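These are the structures, in structure tokens.
In the two complexes below, chain A is the common chain; its partner is chain B in one and chain C in the other.
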Partner chain A sequence: MMTASLNAYVIVSAVLFAIGFFGVLIRRNTLIVFMSLELMLIASTLALVAFSRVNGTMDGNVFVFFILTVAAAEVAVGLAIIVALFRRRHTVQIDQLDTLKN
Partner chain B sequence: MAQFLFLLFAIFTVLCAVGVVVNKNAVNASICLILCLVGVAGLFVQLDAYLLAFVLLLVYAGAVAALFLFIVMLLDVQGKETFGLRGFRTIAGFVAFALLLAGIGSVALKGQIVSSPPVSVAAGAQLKLYAYQLFTTYLLPVQIIGFLLLISMLGVIVLSKKHEIAEDAK
Partner chain C sequence: MDISVLQTLASRNLWGAITPEILLGGLALVLLVIELLFPKEHGRIVPVATLVGLVTILGGVLFNAPSAYLNQETFNGLLLHTHGGQIMRIFFLLAAIMVCVIARVSLAKQSLPRVEFYHIVLVVTAAMMLLAQSNHLVLFFVALETVTIGLYILVSYYRTSLTLEAGLKYLVMGALSSSLMLFGIVLLYGVAGNPALPAHTAQSMHYGQLAAFLAANPHNFLASIGIVLVLAGVAFKIGAFPFQIWVPDVYQGAPTPVTAFLAVSSKAVGFTALLALAGTVFASYAWLVAPVLTFFAATTLLFGNFAALTQHNVKRLIGLSGVSHAGFLLLGVAAVSRAPMAVGAIYFYLFAYLLASFAVFGVMAHVAGANDADQELDHYAGLAKDRPFLALVLALGLGSLAGIPPLVGFMGKLFIFIAAFQAGLYGLLAIAVIGVVVSIYYYFGWIKAAFFETWGKSVDAPTHPERTPVDFVTGFALSALALAVVVLGFYQGPLGAWLSAR
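== the complex of A and B ==
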């Protein structure tokens, strides 16, 4: 059923990655920075699935399985860190979390 | 028809991704993230990765993005975020974005990724293929991943516990 070329999928995944990267750099809210990180991760999985489909092997798909698992663990730990940070500092804005700078 | 579906899902996904980045409200951003994941799942279906599309919806849109929503509501961050289109970081962001887009453009216009014609995978046998791979070639990674999940569970429990001593010290 795959009619769009591999190039198209790779372009979509690269555009998604670029948008996520942009979000990580310009946003100040830690939660949205984290969401942008997830976007980048999803972009890479899309590329993996497309390459795997074109090559006709299962390796890329299985790798995406592992990525999904690690991402779930990562999100759980990251959000716990953000909640702990919020309890301590009462903010999630990156600008105000600069204790190490001074 | 399939070409149209690809375009539809691709545009939908990219628009929702832009929505995640530009939304001032974190709740709207996480809902955009869920929609973006739905779009990516649609793209997965077109790549014949039905199981992955299902798992993506279940794990990511169902658990991860919902967890984001919970945390956003729990923290109740008021939207006084300076959007911050100024400073060195923003310039760096735009430059990096432009470089990535230029790279994509050069790949798209000049280089064709040559590949063998797509091999069709029997749709019914998908799950069996995954299971076979996971329990033979990737047995060790599966165990390591299980251990990682255990560690992250313990880490989250420790992190979200109240530390009385630390509170007193502050």
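== the complex of A and C ==
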């Protein structure tokens, strides 16, 4: 059976992580920024599972469940904030959320 | 799996070791029950119950400070109970008590549910106390995320347009920093468990095992990327330059008690993590960690102080002054590897910062109006004449933050500077002294607004919001803080000895 090497997994997850990171920095729509944040977390879980398999320890696989739980909590709170903010401002564009200024 | 393995694992779960954290969680649940049982009066009962519970738990922790679990690993190495951990437990409990005292004043100006606020403060405090004792990257990450997600809710608690905007900014920045840190943790896990490398370990997220692996592989490429990512994530939490961009906006938009919580507890969380990681686990990567810390310290000191000069909103001002305090603490962390007294100096500085900051935030909560984000320096005009007690507490707190000699903030800075001098960080020390000189200017601008700007203003139309009268509990807490700021400046005595003990 063909199996991909560890390097392939690490490179894919690093690329996913970079896409997420630059998505957060560049995109102007809050929802897309939020999706990019989730992409970064998912990139970490992919690398974690690959490492766990190669190292032969279960810690990585178990850690994935913790990360998923944390990500779910973050999404719940984050979407609540975005929805509440949309009701006040009628926009989720980051450039228009600049009321906090000196 | 053999049943005896599970028995051995279970026997290492010494629940007694985390009694304070369990009690805090229990207290948080009791608050929800109180709300159900007393639908009418819970607005008055809940703050009192929270404060009584917190003071009781603090008393218990103080009584058991030389705990039986000291220097022992529990929960299969997830937790390590150290003297420093005990110090930080007491620190976080004190901070939680002060946050609740300030919240009583601030929440009274809003028509919002109260219970959830105190509930989240308690849960977050318990997570902070666990984080201070964590000895494993999984527990570290989960505790840190509990703190951060709790703070997302607290920052946007008032649900006004400004507060929600601050909450969103904190959410994006906080989640970004958590993801960076998580990727760093994953890389460290992957490298330290790699069977092809010397000294690889099956428990590669355990601090002790990870430190042993890093000592055996002092120049691994992936491990150094992991370390830089973890340090960057921590730098976000403490607001170190160049990761401080969220600080002014979030501090301005957040409710005053939450700003205090962020400024004191959240920053202390970052420094506990930094002490545990940079000081011990990453010690063998000093070639990488030392320049990174030096860069953070120098730029943070300069940016915090110079950016604070131009602020008119006191919450932004205190936020940027907090950035500069993070710079002083980073100076201490940079000195840890070569001057062992730096650890005690950092703890002393944190306590000095706690006392002075909460004195200032307590006064801010009384001066603020219903619009919590709108707190300008002009609102303090005539405070000395109008409310001499508040003005005195404010002057002592700000004086201590600036580091004026007889006050505790001066001693804190002095200890850090001595540690940096012993470590031979002369360049950073020079930058820190410049920072102190600049900071005196903006702190005294604030004191001047409170004490000297009474004339020239129309008496008939005051330009500041209604000032809240000081009630007994708040008055007592503020007097205690002000007294501690003065007394500890003259006499550190047992507190100093306890903080610097190893």
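Details
What we mean here is this: the second predicted complex is superposed on the first by the 99 of 102 C-alpha atoms of A that agree within 3 Å, B and C clash if a C-alpha of one lies under 4 Å from a C-alpha of the other, contacts with A are read in each partner's own complex, and residues count from 1 in each chain.
We take it that a residue touches a chain if its C-beta (ideal position, glycine included) is under 8 Å from a C-beta of that chain, and two chains touch if they have at least 3 such contacts.
Because the structure is a prediction, the values reported are computed rather than measured.
Once chain A of one complex is fitted onto chain A of the other, the partner contacts of A:I67 are limited to chain C, with no touch recorded for chain B. In the overlay built on the shared chain, the residue A:Q93 is in contact with chain B alone; chain C does not reach it. Of the two partner chains placed around the shared chain by superposition, chain B is the only one that A:I11 touches, whereas chain C remains out of contact. Contacts of A:I26 after superposition: chain B is touched, whereas chain C is not reached. Once the two complexes are overlaid on the shared chain, A:S44 sits against chain C while remaining clear of chain B. Within the superposed three-chain model, A:M35 lies in touch with chain B and out of touch with chain C [touch as defined at top].
When the two complexes are overlaid, the chain among chain B and chain C that reaches more residues of chain A is B.
Of the residues of chain A, those at positions 10, 17, 20-21, 34, 50, 54-56, 59, 62, 66, 70, 73-74, 77, 81-82, 84, 88 touch chain B in one of the two structures and chain C in the other.
Across the interface of their complex, chain B is touched by residues 1-4, 6-12, 14-23, 25-29, 31-32, 34-36, 38-39, 42, 45-46, 49-50, 52-56, 58-59, 61-62, 64-66, 68-77, 79-84, 86, 88, 92-93, 95 of chain A.
On the chain B side of its complex with chain A, the touching residues are 2-3, 6, 10, 13-14, 17-18, 20-21, 23, 26, 29-30, 33, 36-37, 40, 43-44, 46-49, 51-52, 55-56, 59-60, 63-64, 67-68, 71-72, 74-75, 77, 81-85, 89-90, 92-94, 96-97, 100-101, 103-104, 107-108, 112-113, 115-116, 118-119, 121, 129-130, 133-134, 137-138, 141, 145, 148-149, 151-153, 155-156, 159-160, 170. Touching chain C in their complex are the following residues of chain A: 10, 17, 20-21, 24, 30, 33-34, 37, 40-41, 43-44, 47-48, 50-51, 54-57, 59-60, 62-63, 66-67, 70, 73-74, 77-78, 81-82, 84-85, 88-89, 97, 99-100, 102. The touching residues of chain C, when paired with chain A in their complex, are 138, 141-142, 145, 149, 152-153, 156, 159-162, 164-169, 171-172, 175-176, 178-180, 182-183, 185-187, 189-190, 193-195, 200, 202-205, 248-249, 252-253, 310-313, 316, 373.
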